[in-house]
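You will see chain A twice below: alongside chain B first, and alongside chain C after that.
== the complex of A and B ==
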């Protein structure tokens, strides 16, 4: 493989990874803070993509629409956590997993009924030609989507590290009981975190919808991406999700090149297993979090 | 409501239900499992339009002639959401619960192959409108009949045309959806590449449902392929073509099967569809006279346009209408709806139809067609082969 191909493959992987980071960050946050494996996440991504698609049909740029769609799906997440998930929050992780799986079935089938399983596709959002750097081609829409994905994720990281509520979320993640003793309203933090997680999923959906076809059938794939990137980066670590997403994107891209295009998902699965064996806490996560 | 009116109402209801049952007992029921939603929905809906047109024409003429009377026809659809396992379940449901007399197969080679086992088990003749791969027909089944010739009848003429008109084309890339038809097309083209002593520089598959093709397209660009052949279905092909443009991949020849024959492909890609070449089993430009319900290709095209707001039928829609018309001929010939008898009539068929001459080989696959090769030029499909219906010259290069 010569350097020009390698450069193109790396760019392809990073562009994909930026989107993966946005998908994974919310999932990782919810898992890390609430200890809930949110099976609803993939469908929330698809819901965001549909909202962006319908907005695009009305002439609204999906990248701008993310500013409204993210908070709207975040609000939905807040309601779901506050009134449904919260009821079993103290139960073993399997119970919350089954609950969110059931919620996912409801949302996914509602989307199938409302939108059908047909692929919908936006045209070129920016209408700009690919950016050429030497022989490396960088599609404009993909570049913007990937950069915005990382920016959105990084903004959540800033919120967690710089704001009072963000510190409360981190405190709950580190030690729920102590956080409660310090006056943190843990139930409120849970709902807020779940909301932020789904808001990120909604934003990721807007970005993905601008690049790839949209269908409820894609939700499982997005959930898989979130899972692998989250394990790679480390549970609960938003920066870890960025790293995990980018690593997954590059590994998939390289694997697809070196092993074969149909083995992209297999490469991701092998990477997941190796990571769990070698470094279960992830690249940036904390060991032994349960 | 008094007692008298209640009794009168009940009597009317009983009579009506008896009438409905009599109607039901007389009707010919055809099961049609289709991917009406999901990634294959564009193809599934095309088949449905073809079936619906045929059924409407039949009903306009008072039904299907079976023995000494005309019987109404009803197509019972089942949406399997583009998931082949559900397609098999749909076949089972239609055969077992809906008690259909005949089956039209699920879409494409893979699902048709899977569903054909059900038809064989229940001895229900199944007509496949969109299955071309030999692997569908080499199972030793007796009740399966298909209107698509084997895949090499598509790839061989294209390979011959490319070699004859573009001698500079030496390096070939084959990229296929990991699905029965595209893989079978790839196998057939590989033979053509070998026969013409071309250099196969890339030969890969992509997973069903894949959305990102950047890595394999980068490889094709690095391999400097002169001719790229992509096998898949319309959504795959639109996505691959879009991403080819994003990566600046411009081979001299781009061939895609089986999407460019559809108007939706041209509409979705606009200028990016220009000069994409393809082949299909039928084209509205062909001219056949037939003994079937439509009478001729021209009549069929006109009937289709009248039924669907002036739309021109493509091969998938025409094939779907053709399986209905062929079944109708077999019913007329056998004079019964008995599965084995109709099966025998189909096996012995040697008829002229708007679709072309219809004769099924020993495996049940049609062996009497000469599929056209075409290219998209100025937003229209232009037939390049066979010579008798040629509409234009082969153009090299894509944007």
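== the complex of A and C ==
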């Protein structure tokens, strides 16, 4: 294989991986802390992407818009958790899965009705020429999107490790009962965590909308990305999600070159199942207690 | 000996009733296209819900793989018939393919628990959907397959499909009853309640789980083959739709997960709701269904959640 092509494929994979990290981090956080697999996550990404798209039509830079859209979708997540998911929080896996799946049906169908299934794409956001390193070409918008994805994810990591509420989230993740005894209001932490998770999804949506065509039909694909990158990185670990996202991006990029782009999901899904069977603790090999 | 015989009365009765209904219902509804369709959908859902219940209910493993084996069965049968084999061979192939895939796959992923198992099983649906779409010289890819028999009289096809699916539903329920009363059901319920304890009591949990998963998948495969014959045209986005995994789960949840007749009752209730939704809210049908499912999950703590908690699905 030509090394120039290989380098380009790797770079493409990393650019994709930055976005995947942002998708997976929020999902992983919610799963780790609440023990809820949030099937709504993919549609929240799509919602963020559409919000950014409509902002762009009004002349708002999607990278800046993410600052407002993220918190707005986070607020939606807070409400959904506080008033709906919280009711079944202690129920068996099957119940929370089915509930968030049902909520996903509602949100996705609403978006299909409102936005149609047609793919939409913003024009170039910054208008900058691609960055050239040797023969490798790096489109400016995609580079910015990937970097911002990792930055947003890392900010959540800092929040978890540095702030008081962040420590409370980590405490709940480690041991919910003890955290409660220490005076942590677990219900509030759950809602906050769900909100942060969806806020990250919304930010990821803005970044994806800035560089890729978007449609409500994509939500299942984003959810799959979240599954795989989360398991790769280790459940509940935000830093792990960055690693998982980057690895998944590179694997997908290589896979689509070697096997064909039409088998992208298969490559990712096989990777997921193998990881679950052989290294369920994730590539980093530790429980995700940031 | 007497008790042994008695144990077989109810399953045989279910099969006999199934046969009578399978014979009589298509005649009774011979020209009513809508009711024929509804009855066939019900039989299909009962079949899938009962089959899912073997794994999701009896064993307590939240499987989302129903759509994978349903779609695999539909395609296995359709491809066989395209090569000129009979529909019956198609059904057999569907069962064999589903069993051959589900045995090793189930053995592997049934080591996982809770969400991990659910996600791994869900991933199989995406894999099969993509492989089916990609392998276009056999499966027709995204264009799908028109079944050879599809050109016939639509009412005749509808009646035959109803017959087949009612018998399959009766078989699925009767089998689930037999299993629930036998050694397999006993072992599965031990696994559901406490797998570690079951293992230490000498129950070969991996083997029993794999057997349950394989039986369940084979039934789903045959159901897929029957669906393909009924609809006459299949494509990957239809037969590998995740809703084929979710609807049986909802039906079982409504009626009672882990009980033999719960999935039957639940399928009926669910289908009535779904029908009302679709008829009144076409563009937002799926969304309304989502609202309905969410409400069902939230407000049925009396019927649904306690029974599940006792069995501790996670």
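Here is the rule we use: the second predicted complex is superposed on the first by the 284 of 290 C-alpha atoms of A that agree within 3 Å, B and C clash if a C-alpha of one lies under 4 Å from a C-alpha of the other, contacts with A are read in each partner's own complex, and residues count from 1 in each chain.
Keep in mind that, in the parts below, contacts are C-beta pairs under 8 Å (C-beta built on N, C-alpha and C of every residue); 3 or more make two chains touch, one makes a residue touch a chain.
It should be emphasised that the depicted structure is a prediction, and the values quoted were computed from it without experimental measurement.
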Note to self: Tell me the contact category for A:91 with respect to chain B and chain C: first, second, both or neither.
What the structure shows: second
Item checked: First (chain B), second (chain C), both or neither touched by A:105 -> second
Next item on the list: Considering only touches as defined above, state whether A:137 meets chain B (first), chain C (second), both or neither.
Entry: first
Check: Looking at the overlay, does A:260 come into contact with chain B only (first), chain C only (second), both, or neither?
Finding: both
Notebook entry, point to check: So, A:2: does it touch chain B (first), chain C (second), both, or neither?
Noted result: first
Item checked: Which of chain B and chain C A:215 touches, first, second, both or neither -> first
Check: Should A:121 be classified as contacting the first partner (chain B), the second (chain C), both, or neither?
Finding: first
Next item on the list: Go through the superposed model and pick first if A:12 touches only chain B, second if only chain C, both, or neither.
Entry: first
Notebook entry, point to check: When the two structures are overlaid on chain A, which partner does A:270 contact: first (chain B), second (chain C), both, or neither?
Noted result: second
Item checked: Common interface positions of chain A, toward chain B and toward chain C -> 260, 262, 264-265
Check: What part of chain C is in contact with chain A in the complex they form?
Finding: 56, 62, 64, 108-109, 111-112, 114-116, 118-120, 123-124, 126-127, 129-131, 133-134, 242, 246, 249-250, 253, 257, 283-287, 289-294, 297-298, 305, 308-309, 312-314
Checklist line | Interfacial residue positions of chain A with respect to chain B in the complex | finding: 2, 4-5, 8-9, 12-13, 15-16, 112, 116-119, 121, 130, 132, 137, 139, 142, 212-213, 215, 217-218, 221, 252-254, 256-257, 260-262, 264-265
Item checked: Interface residues, chain A side, partner chain C - complex -> 31, 35, 37, 84, 87-88, 91-95, 97-99, 101-106, 108-110, 113, 220, 224, 227, 231, 260, 262-266, 269-270, 272-273, 276-277, 280
Check: chain A touches which residues of chain B in the complex?
Finding: 37-39, 41-42, 81-82, 175, 178, 204-207, 209-216, 218-219, 221-222, 235, 238-239, 243, 246-248, 268
